[in-house]
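Below are structures written as structure tokens.
Across the two complexes that follow, chain A remains constant while its partner is chain B and subsequently chain C.
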Partner chain A sequence: MEQTININLNHVTRVEGHGNIIVNATNGKLERCEWQIPESPRFFESMIRGRHFSEIARITSRICGICSVGHQLASIKATEKAFDIEVSPQTDKLRRLLKHAENFDSHLLHVYFLVAPDLMGAPSVIPLASSHPEIIKRALRLKAVASQWSGIICGRSTHPIRIIPGGFSKLPTNEELTQLKKDLLELAPDLEATTQTLLSLAEKVPNFHRPTEYIGLVDEKEYGLYAGKIGSLMPDGTRTLIETADYRFITNEWVSPLSTAKYTKHLMESYMVGALARINLNFDQLHPEAKKPAEALGFKTPCYNPYFNSIAQYIEACHSFFSGLDLIDDLLQKGLVEEKAPSYQPKAARGISALDVPRGILFHDYEYDAEGICTSANCIIPTNQNHANIQEDMDKLVPEMLEQGRNQKEMELGLEMLVRAYDPCISCSTHYLDVTFKK
Partner chain B sequence: MGKEKPKIAFYWCASCGGCDESFLDLAEDILDLVEKIDIVFWPVALDYKRKDLEALPDQSILMTMINGSLRTSEQEEMALLLRRKSKILIAYGTCAHLGGIPSLANQFEREKILEYLYKSAPSVVNKENVLPKIQYDEKGHKVTLPEFRNVVRSLDQVVDVDYYLPGCSPPPKLLKKAFSLLLSQELPSKGSVLAPDIALCYECPRIESKPKDLSIAEFKRLHHTQPAPEKCFLAQGIACIGPATRGGCEARCIQGNMPCTGCFGPTSRVRDQGAKILSALASSVKAKSEEDIDRALSGIPDPVGSFYRYGLAKSLLRVKRIESNNSVESKNNGVEK
Partner chain C sequence: MDKPKVAFFDFTSCEGCQVEITNFDQQLLNLLEAVDIVEFREIMKETTSDPLDIAFIEGSFSRDQDLPGLKNIRQRAKIVIAYGSCAATGGINALKNHKPDYQYKMEVYGADASMPHLETHKALPISAAVKVDYSIPGCPINRDEFVRVVSDLLHGKEPYLPNYAVCIECKKKENLCRFDNREVCLGPIARAGCGAICPSNNVPCEACRGFVDTPNYASMIEVMVNSGLKKEYALTKARMFSANILDNNLSPK
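After this line comes the complex of A and B, so read on.
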């Protein structure tokens, strides 16, 4: 079919931050297909130079309000690495528990409030409140407990208060952890119902495949989220592991004259980070209880459909739910105890950390002087690493849709859904992202 | 036809998304709220686009809440557009209210920031010194990018603001209260900050342990000391911005055994939050000679980052520079103050 298409979606809605999609096709011939980001940079790396190490995490937290737990943990881990601070096993477990809280919270937020409306044929979650009140009430119940979960560990879910180098400024009580366990267990039927809802909507997820390189944390002990090495999985199944300190071999940031964005590339023209990348790399290490919804939803790896990132997010939310319950049991068995903070002195050193936050792998890299003042900083955000991959997907998807004779409305929906599937956190980007172009 | 529901809009400028997420902290109350209002624009949650907003009659939105600070020409355009469409404009959250943490970048010159970002940051490979362009011709398509201003600004440094809802991010209790106040017909006086006009110390659970005469010998960093869980931070020699900060957050950082960093901004009686805390701390040190006071205050590294953490855009330190920038920008870009 010889369509003429003029798509100008300014801005794509139901994503974090600002992005535009521009597609022009005349008589079925594609002329232009661009994923543009006119997001405002906030220059965190420049801003944290000259600041004291004890304040860095509370500043970099503001890179992103949705994954502020992840940014604080990545920041603290980098600082602890620089000053050789060893945290106690209790601190380590509490942080992992906190990481699961964020993963659970952020993924459910995305799946219910931003993605579900597309699958249910609504322009937003608002009309669903009256058409499907049971689903929205369930989403709000899940969301409320998710916020409490991180709240009792770090003070609040947005811009945590209690995470400090070496540990926590205040610990949750054993009673709070016991109550949390009870509240979480009450959510189990809501999770089961979520699986059923997604199952009924699964056929609405577009059928599109484009193998790419997948990058995420790989930890020999558990599903890679909190620690490990940087893993790469290629479409031919080749796996490579790289030390965190060598993250620059993966990211290779480059600048385009057409764009204020910095892009990343590794072995291919682009790579993907996030839940789908992690699950492709680490499926076997999912919690056994999370493999059940994966099986129920017919999810198999390797999965090359980027729209399935949202399904991978839900499976990960289940993984975090059950792994979180295990960690709570573990912590309650011994009971939380007040510990003496590890003693340390700042020194002139560099610290690099990698953490897999809900939207993908995140790197924080700081250099400090002898007084503990930051002299150089670099943060590489998941969304920046995904932009080139979104463009590559569009370059394959748009001709396919033209071939299938899709009209403008259908193409707009398909493209917006693609961007949404990545759950981009554009506002989160510390680098000024912008327009990418066909080569 | 029943009575038309009031139209409400939400927008974000340079922000982290935390303010938008804070609406979800209303939990099930959000269901009652969406019954009462008609949300006409909210990019993170609804599919209305800029052209839909442009199509609305002027003054047809009862209330718009904008979060985030402002750095680019596009954000200014959106703020002006939303101002025109709205009867009430609210600066929501610390960034819109005071410039927020992003305005710490005002300490550095724009060119130096860009140079670091594109050329000297450790992970960048840019041997050809490529820099982005505001306008670029790519295969016949003209690509334009928003222009960066020299400084980060708060919302009221760009458009007229009616009310402010403080906090990074605003707590759900204040948000709920603000909604019921603004949806009623009893509007507070213009320019009000929708939080108690008292210093945080008055709602701090540790107020009892704050001595009249602090007599601080030296300031300690948090890693030097494990703060006592019940005692006033200042009484322990730990810098706390509470005395110069508006209350209303229920001392949430203090409850987490961390000192206040000032995200609610000053009370109405304080013009410059950083200057206020600096003078409060200087007069609280034990030492009385200028030299000894300086020595005691040197325990606080990075005073700008400590005292102006959230409010550098609004600080008197910046006013002169912002004013001169504005006059230049108005000429160049026709952007109204």
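After this line comes the complex of A and C, so read on.
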């Protein structure tokens, strides 16, 4: 086909942060195909240097409004590691419950508000509110309880308040947990309906495959989200496990002139992180109740279609929903009790953590001096790690679409949907921190 | 009568204040009945170049390349509201403002620091670029306050921000004073309106909403030092969210 295409999407809508898609083709010949990140950098690394350890999670939380729970948990885990702080089993369970809350909340926001309009042929949820009120009301019901879920545990879903080194500044009451369980159970029909909605839209998901390397947490005890080692899965099925402390062997950051965010690569030219990567790595460990929608949706691993990241997110939302309910039962069985905070002293030390947040694996790495003042830091954000993979996908997808004779509009939509499928969090990705420079 | 046209824009920020809006649930549906949201990039593909009744701007002004966009919004909008602390005062982004450019760029981008696309200036409030009619501070915004300000504007009432300290709200809630827990809290000078949400969760206030109009800052430093904080840290404590206020005496209107 001999199309002439000029795509200049500046900025892509319905994604967090600012990214551009530039594609030029003349008479069917591709001249330019770029995924650009023009997001304004914020220099968090510089901000936290010289700040006290008690402030660090509150500051790094502000890297991202959507993933603030994940950033705080990763931050606190790194600080606790530096000062050898052991948390109680109750704290550990509450944090895992909080992690599930964020996963559930973020994935539903993405699937309903950012992805569904494309599949339903609408520019956004705003017209869907009148054309499909039942779906939007359902989305808002799910979203409201999801936000309350994390709020009950950490005080507020955007920029949590209660997460502190050693535990929580305040605990939810047993009544709140009981009520939460009740509210969650009432959502079960809404989740079932979501499966049906997605099933009816599944054929609209583009058919595109590009095997890549998948990176995510792998934990022998459970589906990797909160703890574990860094796992890599190659297209030929080869798996490797790497210690968290060695994360730099995975990330190998580099700066592209197309982006204010750093790119990463490991064994291939790029790798993918996020729900699809995790589910490819850990499918067997999904909650049995989450395997049901996976089966209903015909989802099988390994899945090499990046557009299916949104489907993987929904399956993970179900995993977090049912795993969350199990954890609430577990916590309520004994009842939450006020615990004495573990005693600790700041010291000159380094702490590294890895956490798999909704958009993929996240690393926080800090160095502190003897007074607990941060002297250097490094955060590697999931979306950073996906940028190169998005570019690689575009490099394969655009020629395929030209070959299929797609027109400009179809190509624009296909590319926007690709970027959205990754659920990029671009504010996050340009706010990475770097450890290279020391006093 | 046509519903007022409102649009949401974002600059240097975490976009958390927008996320708070998606958490409004029923309040969001009520809001949608009262206004027409014509542009909101994070959740909408629709855009417009039409005149606007209210433009909500999130994020700081930190790059010259953002100025034409901000001027365009100002030109089209009857009312411009800077919402969230990044927009209202520069917020947390200003935490590195006291460092020279080369230092914070080197600290983050290292050998690549001189690449032209990484250029920024100090993180400033939106009012440093264009006239702002009202501010809704907070990191993140307080939902009830946001809805109240919008409701006031729709009903022809002048919106206001509380001009008293977080301590007042905290005392009303009968919270234990954080200073009695050997912590340092900025509640005595911080602008109220959040319901003292942090001290109510047993965490000190970091003054994310900025200060009251006439804070007794010297006395605040003295209290922090008397509570055991080293003077060098006491002097920089409030930089976390209020560096621009300290450096330039900026206060949201």
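Just so we're on the same page, the second predicted complex is superposed on the first by the 423 of 439 C-alpha atoms of A that agree within 3 Å, B and C clash if a C-alpha of one lies under 4 Å from a C-alpha of the other, contacts with A are read in each partner's own complex, and residues count from 1 in each chain.
As a working rule, a residue touches a chain if its C-beta (ideal position, glycine included) is under 8 Å from a C-beta of that chain, and two chains touch if they have at least 3 such contacts.
Small disclaimer: the values here were computed from a predicted structure and weren't measured.
Novice: Quick check on the chain A-based superposition: chain B and chain C, clash or fit?
Specialist: After superposition on chain A, which the two structures share, chain B runs into chain C.
Novice: Looking at chain A, does chain B or chain C touch a larger number of its residues?
Specialist: Touching more of chain A: B.
Novice: According to the stated criteria, A:K170 is in contact with first (chain B), second (chain C), both, or neither; which is it?
Specialist: So A:K170 meets both chain B and chain C here.
Novice: Using the superposition on chain A described above, determine whether A:Y304 touches chain B (first), chain C (second), both, or neither.
Specialist: Neither chain B nor chain C is touched by A:Y304.
Novice: Which of the two partners, first being chain B and second being chain C, lies in contact with A:K143: first, second, both, or neither?
Specialist: Both chain B and chain C are touched by A:K143.
Novice: Determine, under the contact definition given at the top, whether A:R62 touches first (chain B), second (chain C), both, or neither.
Specialist: both
Novice: Quick check on the output: what are the common chain A residues between the chain B footprint and the chain C footprint?
Specialist: Overlap of chain B and chain C footprints on chain A: residues 11, 13-17, 38, 40-43, 45-47, 50-52, 55, 58-59, 62-66, 68, 109, 113-114, 123-126, 129, 137, 140, 143-144, 147, 155-156, 158-159, 161-162, 164, 169-170, 255, 257, 259-260, 427-428, 431-432, 434, 437.
Novice: Mind pulling up the chain B residues that touch chain A in the complex?
Specialist: 12-22, 24-25, 27-28, 30-31, 34, 39, 43-51, 68, 71-72, 74-75, 100-102, 104-105, 107-108, 112-113, 116-118, 121-126, 130-133, 136, 138, 141, 143, 145-146, 148, 152, 168-169, 221-223, 226-227, 229, 252-253, 255-258, 261, 301-302, 305-306, 309
Novice: Please name which positions on chain A make contact with chain B in the complex.
Specialist: Going through chain A, the ones touching chain B are 9-11, 13-18, 32, 36, 38, 40-43, 45-47, 50-52, 54-55, 58-59, 62-66, 68, 109, 113-114, 123-126, 129, 133, 136-137, 140, 143-144, 147, 154-156, 158-159, 161-162, 164-166, 169-170, 247-248, 251-262, 340-341, 344, 346, 365, 371-373, 376, 378, 380, 425, 427-428, 431-432, 434-435, 437.
Novice: How about chain C: which of its residues touch chain A in the complex?
Specialist: 11-20, 22-23, 25-26, 28-29, 32, 37, 40-47, 62-63, 66, 92-93, 95-96, 99, 103-110, 112, 115, 117-118, 120, 123, 139-140, 197-198, 201-203, 206, 233, 236, 240
Novice: Provide the residue numbers of chain A that touch chain C in the complex, in ascending order.
Specialist: Residues 11, 13-17, 38, 40-47, 49-52, 55, 58-59, 62-66, 68, 109, 113-114, 117, 123-126, 129, 137, 140-141, 143-144, 147, 155-159, 161-162, 164, 169-170, 255, 257, 259-260, 427-428, 431-434, 436-437 of chain A touch chain C in their complex.
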